[in-house]
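Down below are the structures I want you to see.
Two complexes follow with subunit A in common, the first pairing it with subunit B and the second with subunit C.
== the complex of A and B ==
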């Protein structure tokens, strides 16, 4: 407390400097409190209240949690989301690793930059645009994908309109969008590995596979973990792609948690239920992140 | 040696596959409605200079307005983010005051709060303040990003203190030191932040979808959706609109790629 009084009413030169430092961070602290901290607390509070039409809200304990967490539509959405991310996260990370290692092996820097730029390009498109372009490629009648398949005599598929194929199809869009981002992170990490390590490995007579298995991958471990976590979070929050294309259909086969949250809050205006889902998403992602921290204590540096 | 060529070849194939949807979008946007429904499909458009779809996009929707809205919102959010983040970055990097680290970790901790977890109260606030369907409403959660604070702190922290001390001895005010001594030394980080933040806000979809009602306030991502419906989509128009929405970002992205990559590598933290 005494510290704060001195910051507010500085007596010495050092106090004035402390005050200056505090004033520099004040706008950011105020903004983040108003836009994130306060609403987060309100989300938690809101999840224990039912809002009656007319504006008054009433404390209902964990009733809304019971309601949402026993609702089968909610668990369908959770299952779909997990299914989506189980398909897209490993695919993205493995492909990104392969591409990054490949790019790193290219001798010509110019070509490396050209190819890297192409892999990275989808990152610049909005998820909505990406999903809509893919929806056109997936079009069952006039789409390019079915045309390509017809060339090798495979009958046309329904892709986004099929119960079985809708989730893999959407997962592929996520892979396409995120591949370049992950590749860039891996490539930057690869470039920071000192060349001497590889020279030493060569002197020891390590084969190409051994170099990859015992040198490159262990050194990339922090980045691999980090990218996995980032992808997990990104794919757990999947919304734009689904909203723009299937709207959760067909028959809720692509309904995801955030889609459900959006509909609950802004289509049916059940803010209490939506708050429960908001808390669920927060707690889930927090757990994932903290687990990562427990396993890998030291901060990731570049 | 042969392996090296094989790697290069596979990489090139992969890159072309990744690039293909862009190509397909551009080609489709040059076709007429009967052309895209032709069976069997023809890849090349009949006329490479057919810009009718682009004219139609602007004719049917106020797409110019959408572009303006997106540009305005993305610019304001980039600039405001730059100002607040560099101030905070300087404060965190070069000053000592009570609870400094606690504040910093609280801000970094916000990275773990998914936006969707705060969207309901945020919406209620914006509604209560009468900002629904206004620029201010769309901008509200985008004015500063945690990533920016982190980026600027990292950039400023490595600057030697001697400059600051020298300026203080010369009687420079604290704000003037920030403005005249610190900022000129972290221009690369500032550029990175500006570009990344502009791109993020331009591509934003969830929040605008929540706060925007009237057509005149739509941003391009929302505007794209007006070319879709469940029953029938005119893909020649939709792809033209998509090209228009992506092109500005693509230009920024390709010319300033170096900075974007820097930001991405730094943004490891961003969720």
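== the complex of A and C ==
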């Protein structure tokens, strides 16, 4: 308490410094609290209440958890989400790493920037716009993809309208959108690795593979972990692409957790059930992120 | 310097406050805000603004129409109703949702209720009512599916477009004749444009005429039970028939995308849609030569029923709700009803207009009359109709995509629907 009084009414130079520091972080803390912490707390509280929008709210204990966690539709959505995630996260990370290494090797700075910008462009597009473009590309009748396949005499595919192809098709959109962002992170990290390490490796007669395996990848460990966590979060929360293209179809084959959460909250107006799903997503992501962080992260010092 | 900065900030704040005040006092016309999600009917929506100008001469209040995209409109409505300050004065929606499941609507004044009850076709009387009280003005007569046929494709297939199939058996035979398969057995032109994409609620809506033609119903008459109805032998037979259109007979295809587009592009010869589709085809596919007929019958006739009974409502917490009713009163007459619907090519609602020259000249005049002569099918105006129709639609779409057999999927759906009703 005394500490806060001194921040509010500084007497010494150090108090003024503390106040300045506090004021600097205040906008960020306010924003973060209003946008993330308050809704999170509301979701947790909401998950124990049966709420009628615009009406009453009744405490029901863990009944909604029992209901949601025993609902087959919910677990189908979880399975679909994990399936999508398993397809897109490793693909995006590996591809981004390959592209970043390729760009890093380009001698011409101008061409490196041109290529980097091209890879980054999809990331700057709106997710809904990107999804709609891909919807057209995937169209079974007029789509560019089937037209391309017809040129090499491959029969047309149903893509987003096929139970088997819908998830890989959506995963490809995610990879396309996220590849540029991950590439930029890896490229920046590669550029910060001191050249002396590679010179030393050359003197020791290391092959290209050995340089990659024993130098580059270990030194990129923090970035790889960070990108994996970001991709995990992004893909677990996948919504825009699904909403704009398939709305969870066909036959719920692309129904994801967030899509189901959205429908539950805003189509069926079951705020409590939707809050349970939100808490589930939060706890799952937090747990997986912490595990990833603890198990795979290694301290790196150049 | 510091003093100057403070002065500048105070001046700026003053300008903003005065500017804001000026906006409300002098700058803007007083208005009633109307929300609609009928984005496929822009002329119909715009009419409210046009008529609002006349209303303004009387009251000083114009009408502003805000069109909310249909996809996800519930979320936007709900957020605004709960937030109150950003909510509309009037809105288009389903009475059993916004006035039944929630308490967001104002009851209609008695005089207006009397006027509407006296001027609606009988089958529409329950539309806009909840627990016996009228909240909404029905806006769409002919809000039931009818059979649109492509005359040229019928002729090409050797069928007589003036003698449409009247029974489901004849209809299936015609669909087979209208379907053209490629060398690999995949349809390049189909008889029937089936709805397989999008939210399961819409898929349920498009399947229900088949269910009703087989004598099935989705829920019990009191809307309190699904088991025994949603999975009845009649419903299983209906879903088997519906699934076979795609999987066995291949007279409908899941690869043709949006059914309206397929019909407009002449890739499908027949589609089941409501009266607004007449205006849509005229505008988007003017080269399609079409006729409209009553839906074919099976064991029973599908009848004139709707899963989406759209109405115009007044928001309960609107500070302008009396004026909102005044505006509705202003447009509640046969002349306005005809004018607004004619603009968009939709059937008017008032009984006085059902025999007007405009309605008689429409291609669906006879078919609408025929549909209305069929027995009224079951209605499902349940507060949780979205969720119930989703659970049911998942079974329908599951069959279309070969995920399972009708009986097993309908049993699962019925059990889920019962849980939803009880919850």
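The definition used in the following text is that the second predicted complex is superposed on the first by the 261 of 302 C-alpha atoms of A that agree within 3 Å, B and C clash if a C-alpha of one lies under 4 Å from a C-alpha of the other, contacts with A are read in each partner's own complex, and residues count from 1 in each chain.
Please note the rule applied: a residue touches a chain if its C-beta (ideal position, glycine included) is under 8 Å from a C-beta of that chain, and two chains touch if they have at least 3 such contacts.
In this text the structure is predicted, and so the values were computed from the model without any measurement.
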Practice item. Identify the partner contact of A:161: answer first if only subunit B is touched, second if only subunit C is, both if each is, neither if none is. Key: second
Review point. Looking at the overlay, what does A:268 touch: subunit B (first), subunit C (second), both, or neither?
Key: second
Review point. Which of the two partners, first being subunit B and second being subunit C, lies in contact with A:200: first, second, both, or neither?
Key: neither
Exercise for review: Could you figure out whether subunit B or subunit C reaches more residues of subunit A?
Suggested key: B
Exercise for review: Check the residue A:139 against both partner chains and state whether it touches subunit B (first), subunit C (second), both, or neither.
Suggested key: both
Review point. After superposition on the shared chain, which partner residues are touched by A:291: those of subunit B (first), subunit C (second), both, or neither?
Key: neither
Review point. Who does A:5 touch here: subunit B (first), subunit C (second), both, or neither?
Key: neither
Practice item. Considering only the touch criterion stated at the top, classify A:52 as touching first (subunit B), second (subunit C), both, or neither. Key: second
Review point. Do subunit B and subunit C land on any of the same subunit A residues, and which?
Key: 139, 141, 243, 247, 262, 265-266
Study note, to complete from the structure: The residues of subunit A that touch subunit C in their complex are 52-55, 67, 73, 139-141, 155-156, 158, 161, 163, 243, 246-253, 262-263, 265-270
Review point. Touching subunit B in the complex: which residues of subunit A?
Key: 3-4, 7, 17-25, 27-29, 31-32, 35-40, 42-43, 46, 99, 102-103, 105-107, 111, 114-115, 117-130, 132-137, 139, 141-142, 144, 147, 150, 176, 179-181, 184-185, 188, 223, 226, 230, 233-234, 237, 239-240, 243-244, 247, 258, 261-262, 265-266, 271, 274-275, 278-279, 281-282, 285-286, 289, 300, 302
Exercise for review: Over in the complex, which subunit B residues touch subunit A? Could you list them?
Suggested key: 4, 7-8, 10-12, 14-16, 18-19, 21-22, 24-25, 28, 36-37, 39-41, 84-85, 87-88, 90-92, 94-98, 100, 103, 106-107, 110, 112-114, 116-125, 140-141, 143-144, 146, 149, 174-175, 178, 199, 202-206, 209-210, 220-221, 224-225, 228, 230, 233, 235, 238-239, 242, 245-246, 249-250, 253-254, 257, 260-261, 264-266, 268, 270-271
Review point. In their complex, what parts of subunit C are in touch with subunit A?
Key: 71-72, 74-75, 78, 81-82, 101-104, 184, 196-201, 254-257, 267, 384, 386-387, 390, 394, 397-398, 400-403, 416, 423
